[in-house]
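Once you've had a glance at the structure underneath, I'll fire off some questions.
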């Protein structure tokens, strides 16, 4: 099913941009696991709109309401009870009116046209419906919980911006960005990125970018060969973030330009543990973690909603038309996509960890 | 399960490099579908080893033996009977002795070490076991059948080499390569690639590269939002080809450098049908085909098996050791990976086509 | 995942007896399908508690609130929009206090003890948690929608009571019961059943019974061989209704007593269509519908919650204890289980119908 | 997919009665598990035809050939290597000619007609194709391996005949039958059953029966609520055995006739462990094992292939015809179905055991 993911846990995301609520069901988390509502809210805030000049003015509190699957204590700590965990976010701040003029005009770069074909005209088009970037909020609820569960086992996942448009942060893969701020390492690059985003907004345009993610503290042995490798598992989620058009692990496309002697990671021993001297493979060999940091990079296309006039076609009359997308859109969603990428990594890794438990029993 | 794929069809790949046989079970193909054994053999031959200076000297006939699921007529045409289709290839040309000296020495860049951890030392390491590139042969049986079924509906899938190491073929995405020859468009570039591969082999090294794939004739409306988008579906298979480390759709990572006004594909009408004027999105919007050619690009790392001496660690003693991989290995598997990429695309598209049938019934 | 079901549609049921809400996500219903909220409410009412002397006094309006996946018009007609359909029912009438005295005393015949083991003591035990019969309400939302979609295609599903305790309704399989009333055919038998239920209640005891279900108007060709036969599909749902302990198709256990010549259904032709003269097989051969009415029978154990004193064990002290279950419990849930059985049949059949569409495309 | 089963392991059965081979792929068994080929052969022999007056004269050695997933030592002990395990049995003794006269005449009680509809006339009808009872042989390979793995953990599964036709074995659920002989407890009843089978064969007729299965040594906590309860899991497999028409757990249909106070199993403590004083529930509460023996009962219809003349319809002409099924058919398949039922139980339990491992990790 298109809106479900997972082998040992199963996440089902529901909702449309302007439906009564959006939400998520998360099955398979063992009972008795604890997570903090405060930490989860802090994580959700990193994805929330309206926080920075880079993002849309639509403000949504995005505080998850838990309908099932947890018990809560007074300290704001949740404990899973084994039943499917369901959380929703009410949609309170829709301005569907913004979209009325677009009713029959599919926005270039959006799913409007393909949704129209797939759903025979019965699609809920307001705000992008089920295709809206807003649906990454429930993904972040589920992923934010997994992040906390992983952290409890010493596994840390973090993502940051590598580039926005033509501006690149030169920091190495494992350099830490402050998640509370604009999530890139070099302050100069960050400043330049923000200026470029402001310029794009002013000119009715938008920008894309690249996000890097690293997971540290993983045991070797997670994942599977062939179609359930860590790459396949992460890809299955990451391409579910709207606007993702590329994904590479370790050195990715650069590895394709190198020789085997340059690209192979030689083995060594450190503190009685087998490591690799380099990490071109991004911590994954044959789909399975080797105990080194798992690294990947995600390409995000520029936000398709732009104020500039573009050519489109009226779905009813098949006549050519012009469109300029009004509404409050992010000129660059890359900063808000950073926690979404972390959420994807955390979900895929937690799922693989549970899978590994099946094998470890004697 | 790691070695299975699919929602409406299910492909299960089995075997190890040196087990009695490798094979595939393909469930869910409707009954009464016809395919030609001759065409399938021609397709398998494009993947087979021993055909060109670029590939290993190990020769395997790789003719599938069908155990179930089809009936055959005298013209060599198979008809599916509805039951699961199973085909195997006997492993006849193993030289396990080649690997004996490596028994406790994991090859850098290979799954030897991660398989050892995952399988608690019980793994079948000979020739890479279940992680061997040889397992792409059964994938090609299944994909080769889907390619024929798609062709019967006017859908054509083809892939070609874009680059090997530093050499790039400048041809545009939809330029045709001759599948029977070295699969790139520019003859000059192809010649240079072959020379570089020969040089790499001579120096005990190897090369990677990039493969492009295009599917034409697709209806709009295939795929799903979120985790079953065409990108997710193709990624789930493509990352199952050993050595794939990157994947991008349409303009992919390049799109991340552009503005929305550059990257959005404007809509137009052609022959009464909605098209886009450009195809930066690679024929996919919101995970769903828009009727334009579906395009993607795959990064293949250089073959990790190289004759050059590399550092490794003895799994038993944890002592550092040196390794030089003997045996008959491709200095560059990119040419042989081209039909594998086509097979992946065909499987994902055929699966999505069947999914679409569920929706189309009134 | 334990709380999900389906191949072509996927139903995920969430909630606990006393959580904020219970609900269901239904994925895979094609877009543009219509169903009536009035009909759905009427169906839900048949399952709702507090309607008859046979049922619990706990009253829940049980009106589903749709959070996503549909658009509604003023006539109270819903149209699916293709996105996952989510509906919830708020839990408003919990009296958890009823259960406080039972906290460490597992009720005989209930899942209290097994839930305690499985969930390491973190289970939400109030009212049976996720194991409560209350969770059949969301199943009925999903099944009630499928019932309407099937009806639009001329397929009619109905169930009725065959027996309660020792009292049996002698009516044949296809005799119609009035779903608005006590759902059995013979008025005499129905009266006797109600009297027995009243007697059981008065004596602090409870009763079980058997429900029959029939689906008419099915095309031949639904279902699959082996593990996705119509029997397996229906069993996968029906055993999800708490208290179901037996299931048989057609003549079921009686067939085991007969000879082949008695039990085989001979073929004949009627109005140019192949039929069988008898229907011992319940409309299913080799897991696939043969176009005759699909029939099955479900055994429901007596409600385990009874006022009578029973022996149990304190989970903390492991000391023997006595328990008498207070609260407002149905002395016989069989009448309320009738629409649940219809819901299961409708879900399984609708799922199989969609599966058939994949095969029917040329 | 219809011919696959499982959540944590996945079994895929392939083949037709008269295809080149039948077989099974079993994924998800952890690496390093050992099983004996001798024990497996002994188990397969219990299912094999040609062993007793009750069975068909068709003789198949039914020795599995392992194509992948295991390594073997000289003692005939197999060790799983982590990759998908595949075993096949060549079909060597087909006499398709037996079926030629039936080509267009569907046998009453068989899947011939439904297969014809489902597969559009392209089905492989010889010997029942994929619907043949012969397909239980690969199920028994997979189940036989799981039986050994369970035994290594102290879990023992065994089944026996309760009744054949009108003759019932009065032995209680846990009475042991000798699996090497006619698998029922009472010698008198067994003798009578064999006589009745002989009589049925002589008169060109056939008989059905009921099989009981018991699994002992299970930990509490296996299984899941709702749709992945132990009942649902076992039902998903058992209804995959051709001819199964009914299934009940614990007291099953009899429980529906009792009161709650009779049917509830009271808790007690024995050797510091919580037990139930009775076992009406068959060891399952809320879908989850309670640590008591898991018991269920399966109804098998009489073999539909009989020599007696029956009415059928010619599929091509739609004219009425008479049919008498020649060939070598079991007048009663119940004895041979006994190990198949054990195989189903073992597969379901082993799958649930692996699922439990995911939860048990801290």
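By letter and in written order, the chains are A, B, C and D; residue numbering begins at 1 in each of them.
Methods note: contacts are C-beta pairs under 8 Å (C-beta built on N, C-alpha and C of every residue); 3 or more make two chains touch, one makes a residue touch a chain.
Owing to the predicted nature of the structure, the values given are computational and were not obtained by experimental measurement.
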Taking each chain's centre as the mean of its CA atoms, which one is farthest from the centre of chain B?
-> C
Among the listed pairs A-C, B-C or A-B, choose the one whose interface is a repeat of B-D, with over half of the contact pairs the same by residue number.
-> A-C
So what's the Cα centroid distance for chain A and chain C, whole Å?
-> 38
Per the C-alpha centroid definition, the whole-Å distance linking chain C and chain D comes out as 27
Measure off the straight-line distance from the CA centroid of chain A to the CA centroid of chain D, and report it in whole Å.
-> 45
Set of chain A residues in contact with two or more other chains | 1-4, 13, 28, 30-31, 83, 115, 118, 130, 225, 359
Taking the complex as given, what residues does chain A use to touch chain D?
-> 8, 28, 30-31, 83, 225, 354-355, 357-361
If you look only at chain B, which of its residues touch chain D in the complex?
-> 1-4, 10, 12-16, 19-23, 25, 27-28, 30-32, 65-69, 71, 79-86, 88, 115, 118-124, 129-130
Could you please specify the touching residues of chain D with respect to chain C in the complex?
-> 1-5, 13, 106, 108-111, 113-115, 117-118, 130-131, 135, 163, 165-166, 200, 204-210, 220-221, 223-229, 231-232, 235-237, 239-240, 242, 244-253, 255-269, 272, 274, 276-277, 281-282, 284-291, 299-306, 308, 310-313, 315, 318-320, 359
